[in-house]
């Protein structure tokens, strides 16, 4: 039983490896009547694409999205939507080196153990290129949520290495995020992050960081106890992204130190609406949205591919030395922002449609 | 589409609320031929039950487990297993107070918004009593994993409030964990935790903490990219437990500060086995187990029920003052240890059986 | 991956074997706010129960239904509903004979091959006693459909052996069906059926037949192409019932002989509603309900348990002679009517809630 | 919740409508290590393609299959396989006529009711062109079953209109089936069928028929009680094919007339193997394969598109006259044979891998 589908109502099934014919996704369960164009999807893909700035990998991948089914006259028909981006031709010979070696902290070894063989070209299915399909399908989800429910999803880079902004998420706009190449809405911190990444890149190394995501205007009532709690599905969605090592919602790990009397969010009436005075919960109570802002943090480790000499094993279990020659991202964070956006959108639309099913 | 099932091969579906007739679970997909007794399941339930020590709620709940199907002559038959614990009779009148008010940080408000009505007796389905079904089914999973694959799952309390042990998880045994009532294997820290919880309890307050879980001897190859990665499913499992606000695997949030050259875990040969020198990954690469110890941390917030006066709203949106009269846990951590164990077991057995399906 | 769940939104998971502790079902996804009592469920169970007439098995099984969760103050809460009927104590020794032999056309042999062991008491999980859980959960579905949408489900016995009624289904009422013990609304044919079954019973044999089911007032739009077509799910539901060997919708097998110009159902306007002149389709076009009556036929083979001497093999592959001693149904048809009703209700409510999920 | 996926372990998700960009399928869960080429898949597609003989539609559709992911060096990698056939360009204007009218017995009306809008070009998603994706994915399943388990699947046309062969299925080979354009292994009956279809075609009409399918060498133990019984899933698979109105396994509808003492299949020992003397069961007992031949019959109604004048309604509910101008199949049976093959293969591989999951 493989695991390439996500969602139950707005269900995506993705396919494609780094160097096959294409990366794609079928969306099954997208409501009919949503107007969507390739251009709108392309906008999100361009936020994710390689080569967009000096701090991302210089690889030039086109990533042109094609809608091949499920949309008629610019509108979704309710039937499955196939989105596809063809891969550039690549010579398999370029990967002869990787064929025989287990790169440290890559999935080479585990894919071989799991499947008995592996597509060694550019990490195969374990390549982050796979996230393209998430962003493409997430773009449709995002549009639907925005248009139908006014839901806004804003992710940004909060931390790179030890450099961290303490900006209040409530004031961050999507324009602030897109104002710089690191996608940190705090411009002075952003510059420090960029400089640091540049430095890390020069040394052939890589670095991790944290992305914060805010989802505004989610109606109360979304989330399915006791297992498919809204934050549990958000957590799974985020942890399924390459390089993610942690997820926390609301007060998160720091919140464990707070006494109940401090952590509890008292209800109150604001403009005749039930609200909470504080929001340590992060917008979710008992696994169900309460109408407050949903916010969470996602930890990304440093990229495994580095331009430094590393020792490892080859297929014959011999110790070898390895230096990656390929161009890589010194820090995935700026390109990961639209991926976090997309996965958040996919979880929220799925739970919105699930909630709908109750008569 | 409700969300009361977990797992795809070893699939559990739970039912029961705080004050209905029973809390139960059907396990569908348990392999045949496993010997299991009510006593073995009861052992795990007793680790979770209320009233087991001075730092847990003094409520006396019996939680006697019954096997009602799927087991014949002491052995599983491959057909669905029904496990049930009957609830004690409770007078609904005892809950008249809670009927009209939204307790802060409880799920009263969101359940009402989601379902249009709610069972207000003892939190209804949102009660932590629901986790009883998880522990009962997890007990069977744990036994299977231990007997068939030698897999060991050890969870313990690492942190309560700001009190934290830095004990090396590699040396912790299940006996160390069970040596004290807080289930922290570091005895001096354990005493500090207990004293602190006692103090919190006296003041009518509550406190959170962190549980660490280690899973040893997991064979390499478990986990289903790209969405059902092993740690993504572990994360979802943990985040679905009441009061959990965060999950991190391996290096987690702290790891984002490490350079790739430091974070990468080089492969090496030990006793003719492929191992990694370090284990920042936490035993999982590309979503698939690599044979190293899997370890992760789970953040629990303080319990919402406190014996302090709180302001909130009632059903008429009027501001009211509330003081919980019921007996509650000042800190859920010690009772949450077997729940974390159980959910970890449920994830691992599910992925083991999923991996099996490949011919 | 076991198969004891049915439905995706109104999802039932059943458990229990002939001689375990209980037969039960968890319904996950039942909408909140439906009033339901044990009495209402019991009514349907009583239509299915053994010993209800001279042409059913004289075994006296109580089959008292208990609601153990998910209902509060007589109303569903949206949380999982556990329905349970406890089994009567049975001495395992009574089944020593069956322990060592494969009864012809029973599932003894295949269960052993599949699971490596088997619960030989009264057919274990393969017992038709399992259908009790279907009828119990179907009773809630039926009530919902009737109350919310005015949907009526009427099944009746159309054929026993070669005795067949050609009554027009449009005129059949539930009272006609319940007017006699064979549940055939054509009273003169009913008497012939009863006499024939009586005769078959005297000879220690068994006989099959056909049940016709009509579902009225289904709104147009239900059914999920291309695999979960409404009639495909109805077909699966029926074929999953013990002893069922065939399913046909609308014109069915006889319809293959009709030319397209005859088989096509022209649209026309009746009382300002879009209707079809004929209904060879059986109320479903392209897998989606069109608002006409849905009708289908279900073929039940004769019961495998007979009071005649049969040759077969035992566990040691030795040829042995076998004569069933237990009391059995000479014809399952009258007791299968409420099962067909229930499964039809479960399919329709599931598709209604699935259709709802589209925003 | 849409329904474009089939299978749980070998799970296919299909997409594409008659006149979109492409028809495709993602297979998730295909075991790794299976050698497969586009040529092998194309062979099955060519059996299904239009224009292959004088009794199929003269439409020339290319249906060239492309493998776009999941296969590396000619071998499956265990990752999702994307198969795609691009559609020929078609001018939407050609369908202006169909835009405004509900064709009798087509899905025009129900799609509009379900989705609120519809892709009216060539039946959109309801087009039988969708089955291309089934045949393509089924080709991989068929190869796997044949190579790994020696399973053979042979479908053939048993009946067209009232013309029927009573050939014994046991003697039919795939060569016999492919020996003529109607795919009936009884050559004299085949000729009668062909002549009759020719006649029907000349009159602008259409006709239905029955396909019989045999699955040989299925190991005992496949099938998942109590809902996912092997024949229940076969039934659903067949009923999900366009134009199918009935399914019967083993003795089927005719079998209901047999007494239990006749219908029961006694076990006996043949060549030291447990076999049954007769096979009224059709190779499945209690929903689980018993090692005997599985055989079933599938009823296809006549094609809805005919070249005769029909009365129907348009979008404004006005009565109109309609004569289909497009080229159509006078009888789908010969082209449906590979579709039945494919769906049978998909069910069997799915259940084989499900059974595998039990440790």
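Letters A, B, C and D name the chains as they come in the text, with residue numbers starting at 1 for each one.
Note that in this section a residue touches a chain if its C-beta (ideal position, glycine included) is under 8 Å from a C-beta of that chain, and two chains touch if they have at least 3 such contacts.
In this text, all values refer to a predicted model and were calculated from it rather than measured experimentally.
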Exercise for the section: Please flag the chain sitting at the greatest distance from subunit A, going by CA centroids. Expected result: C
Fill in the blank from the handout: Between subunit B and subunit D, the Cα-mean centres are separated in Å by 46
Handout entry: Between subunit B and subunit C, centroid-to-centroid distance (C-alpha), Å
Key = 39
Problem - CA centroid of subunit A to CA centroid of subunit B, Å - result: 26
Fill in the blank from the handout: Check: subunit B positions touching at least 2 other chains come out as 1-5, 8-9, 14, 29, 32, 78-79, 114-115, 125, 225, 353-354, 357-358
Exercise for the section: If you connect every pair of chains that touch, what shape comes out? Choose line, ring, star, complete or other. Expected result: complete
Practice task
Using the touch rule from the top, collect the residues of subunit B that touch subunit C in their complex.
Solution key: 1-5, 8-9, 11, 13-17, 20-24, 26, 28-29, 32-33, 66-72, 75, 77-82, 84, 114-119, 121, 124-125, 353, 357
Fill in the blank from the handout: Residue positions on subunit D within touch of subunit C in the complex are 1-6, 8-9, 14, 102, 104-107, 109-111, 113-115, 125-126, 130, 159, 161-162, 200, 205-210, 220-229, 231-233, 235-237, 239-240, 242, 245-253, 255-261, 263-269, 272, 274, 276, 280-282, 284-291, 297, 299-306, 308, 310-313, 317, 319, 354-355, 357-358
Completion exercise
The subunit A residues in contact with subunit C across the complex are 1, 8-9, 29, 31-32, 78-79, 144, 148, 225, 352-354, 356-359
